[in-house]
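Both complexes shown next keep chain A, but they swap its partner, so chain B is in the first and chain C is in the second.
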Partner chain A sequence: MENILEDNIRRRALRNRRFKWLVIAGSIVTVTPIFLIVINLIVKGARQINLSFFTETSPDTFQAMTATANGEIIPGGIANGLTGSLIMVLIASALAIPTGLMTGIYLYENKKKRYASFIRSLAEVLQGVPSIILGIIAYIWIVKGLTKGYSALAGSIALSIMMLPIIVRSTEETMSMIPVQIREAAFALGVPYYKMIFRVLIPCSFSGLATGVLLSLSRILGETAPLMLTALGSPVMSLNVAKPSSAVPLLIWDFYNDPNMVNMVWSASLFLMIFVLSLNLLSRSISKKRKYI
Partner chain B sequence: MEHQSLDRTSMRGDRVTKSILFSSSLVLLLLSAGMIFTLASGAIPAFRQFGIGFIFSSAWDPTPGKENYGSLAFITGTILTSLLALIICIPMAFSASLFISEFYKGTRLASILRSLVDLLAGVPSIVYGFWGFYTLRPLIMKTGLSDQGFGIFTASLILAIMIVPYATSLSSEIISMVSVEMKEAAYSLGATRREVIFNVVIPSAMSGIVASFILALGRALGETMAVTMLIGNANVIPDGLFSPGNTMASVIANQFGEADGLRMSALIAIGLILFAITALVNAIGKIIIKRFA
Partner chain C sequence: MTDTPILTIENLSISYEAGKYAVKSVSASIREYAITAIMGPSGCGKSTLLRAINRMHELYPDINVTGDIKLNGESIFSLPAIELRRKIGMVFQRPNPFPNMTVYENVVAGYSLNGIRLKKSQRDDIVEKALRSVTLWDEVKESLYRKGTFLSGGQQQRLCIARAISFNPKILLLDEPTSALDPIATSKIEDLLGELRKEYTLLLVTHNMSQAARISDDSMFMYMGELIEKGHTETLFTNPRDSRTEAYLTGKFG
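For the complex of A and B:
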């Protein structure tokens, strides 16, 4: 009898240990790709990155071919992508951040209204829409309707539609963590409504709002699919928003499709990933600091 | 709500602020309505030409004069890759969430693993595609299951890595919410950790875990770039896991630029179907989550 019991316990303990190791192994497998990707990009992309990588526009395929044949690094850089990305992200932010902020405050102030919960669900649906569909929408609205051709503006619109729901939801979520008393204290002092928003709601939830904005920026910076349908890409630096424009992810796509440019893909990807990941980490470190509100 | 009883709404400035907030919430409403209207009206020519058969036909022939389009091949491709990605993702995300919220809950190790998994979410889609093209694809070729290494399985593998962070962050949160009393009760009966996990934690967190995987599936459905680069872009119903196919998102990305007339309308119709499918899947996930919380 005792023997059987002991056997039973030993077997259960063994299965327990085995399961634990299975979980640990599974977790290691899960995070392995991030190491593989980072190492791979650094090894193959780092030597291409220098000052001219950021100041020169992308090379043509012939330059790349001769350089590769001579064993040199490919001349040129991603300046046209950088300016394009910068312009589109700026316009997208200028459109999405104020609108998203105000909508989020509206939802927070009217929590229980049926209209507000409808808008909230719309924001959730919009956040789940595949980015390529936003590309189609911006193509029909802007490329065909407004600028009569591929344009940076169309890309910005697609990106801003992507940003909007993220900002709306993060605004509402952070603001609902503000203690009601702070708001009421402001009103008790006879502060006008808009001042309460600018002096109480926004400062109190500032770090949360910053997290939301940074997170949405890190989402749209790497987006390629909607830009293929809207901004198209361009070999030159262009500041005209009604003209086609490049972007860093679009350049990666162009490099990828040109067998001579493979080395450029690694370095452009490395740059894009470091940039996006540091935005990501920055937003996380901000959100970690705000525990009291 | 509180301040309304103070009769503050009667002040004109406050009314202006409120109407500004309200009108910004209209942006979301108009945007969503406009998107659905635009997609639907763009899809009309295709549906008028092919009727409901557009959904059930796998033809894709852009030859002028005998154009014939159907979306079945792409719907199959999307659902196959996403479901396979989900199956690959489940053990990875599950062990990572047990690691974070059960075995090493609250330790430094858990927060390191969590940050690493979060980093996976920050890698841009095009970088995944590119990395998959140069590292995963050769591995698949070595197995001899596919000549070129392109296909449903390769795409699903990369998709699985991409959706792991979404599934992990939600389900680890849900697993950590399981009541400590219940777990302690089971431990005091002499259960091992494995037995507690399988008899207490998983049953009580089941619906939340299911929802987190459904939401991850919603992500996989709309992924574009990485899939486009790895699936092989063959506009047919795939005849095996290692044969090339195409998804709804990737056929749009591939052909939208050169399309016009009926083909453009067919692509927009595919966009509309994709929109409907992702909205449905996300809604199901959200409903389960809300019932759980």
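For the complex of A and C:
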């Protein structure tokens, strides 16, 4: 009897150790690629990043070729991509944030209504739609229908449709984390419904809402496929939303297609990754600060 | 304390779904400037009854309320919500100060959230008066502009009472206001309720019999949605008429 028990315990301890090593190995396999990517980007891309990288538009092939041939760093930068991204993200946010917030609040307030669950499942479907298809939709609606040509506006629309389900979902989730007592407190003071939403519920859940918005931003910042069909890309800085525009991920694609500019690929990617990463970290630090939800 | 009823409940029934009644044709009158305790085991409908008095059930469309409640002879269902809730304030089981507001803002929330504009001096007066009457002023006067959620549980609950009385209501509804608090905070709130009784009519839901015995003037005993017995607390505790009241008071169930 004693023997059997001891045997059993020994075997279990062994199995425990084996499993522990398996888990450690798995985590190493997961993080290794991330480190490799970061190291690769820094080694190959950091050299190019200086002030003019942010203030100058992308170089032409000839400039890049001579610079590479002479072993110098490639002149020019990603300014056209930065302004393009900024404008498109701004328009997309202006469209998607209010719409998404309102939809999310509606879904939360009318949880059980059939129409609400229909909208909720539509939002879920929208989240699963491949981004290139949203690009095609924006191409048909805006590029062919409205601006009669590739435009920043079309890109913005495609991006805003991508943001929408993320914001709707995070809004509904955040709202449902507000204790019902807070709503009742407002109600017991005779506060009208819309004031309860704007003066109590939204301020109370501000950090959660901000997190959702930031996550949706970091999601669309790297989107390339829908922009290829809509904003197309442009070598110049343009503030005209009816004209084609560049964006940072589009520039990366352009750089990649030019054998002389490979180094720019690394720099632009490094910048984009750091930017998106900081957005993610920011949203995490905001959501950590939540006290009452 | 007077013998005039300030509130009369007439044949009130409340159902959460068709045919299932949480409160069954309850009629009662509540005396002015008294503490009336509503007791009963869990699920007896005492909170449901209390929440009908300031029409809290309107927040949930599935709930059906029939019968009438009259405040000084006037049906509460004919009053605009904001006016009704200025007359009947409510304090909840768990302290629920608005987490996005400071102590100061919480006290005047009833005014600011309803778009009632006040001068700074008026607001200062209301805040000081309300916080003094809940004996919180000395504890928080240095931190009026910190978030209300930084206070301790007992302080938060007193803050919520201050928020409710800042409107100067006639009636204060209290839904198990001490059940989430420790004994010291509880006794502070109980002392406070005794003080508040001089200016307000208090309706207190409690599952704590000794609390009802300690502080209430009148008591109501509810069981399975029905009002079984109502009377002076002393009479009800020493000489209950109904066998179910006696069984509850002697701890046979509940």
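Miscellaneous remarks
In this text, the second predicted complex is superposed on the first by the 276 of 293 C-alpha atoms of A that agree within 3 Å, B and C clash if a C-alpha of one lies under 4 Å from a C-alpha of the other, contacts with A are read in each partner's own complex, and residues count from 1 in each chain.
To be clear about the criterion, contacts are C-beta pairs under 8 Å (C-beta built on N, C-alpha and C of every residue); 3 or more make two chains touch, one makes a residue touch a chain.
Quick caveat: nothing in here was measured; it's all calculated off a predicted structure.
In the superposition on chain A, contact of A:Ile39 is made with neither chain B nor chain C. When the two complexes are overlaid on their common chain A, residue A:Leu239 makes contact with neither chain B nor chain C. In the superposed model, more residues of chain A are touched by B than by the other of chain B and chain C.
With both structures placed on the common chain, the touch criterion links A:Trp141 to chain B but leaves chain C unconnected.
Shared-chain residue A:Leu86: touches no atom of chain B or chain C. By the touch criterion stated above, A:Phe187 is placed in contact with chain B and with chain C alike.
In the superposed model, A:Pro179 makes contact with chain C only, not with chain B. Residue contacts after overlaying the shared chain place A:Phe206 against chain C, while chain B stays out of touching range.
When the two complexes are superposed on chain A, the residues of chain A that touch both chain B and chain C are 183-184, 187, 192.
The part of chain A that touches chain C in the complex is made up of residues 179, 181-192, 195-196, 199-200, 203-204, 206, 291-292.
For chain B in complex with chain A, the touching residues are 1-3, 6, 8, 11, 13-14, 17-18, 20-22, 24-25, 27-29, 31-32, 34-35, 38-39, 42, 91-96, 98-99, 103, 113, 115-128, 130-131, 133-135, 161, 164, 168, 192-195, 197, 218, 221-225, 229, 249, 252-253, 256-257, 267-268, 271, 274-275, 278-279, 282-283, 286. Of all the residues in chain C, the ones that touch chain A in their complex are 54, 56, 58-59, 81-86, 89-90, 92-94, 96-100, 109-110, 112-115, 149, 160, 163-164, 167.
Per the touch definition, chain A reaches chain B in the complex via residues 12-13, 15-16, 19-20, 22-27, 29-31, 33-34, 36-37, 40-41, 98-99, 102-103, 105-107, 109, 112, 115-116, 119, 122-126, 128-133, 135-137, 139-141, 161, 164-165, 168, 180, 183-184, 187, 192-194, 197, 218, 221-225, 228-229, 232, 249, 252-253, 256, 265, 269, 272-273, 276-277, 279-280, 284.
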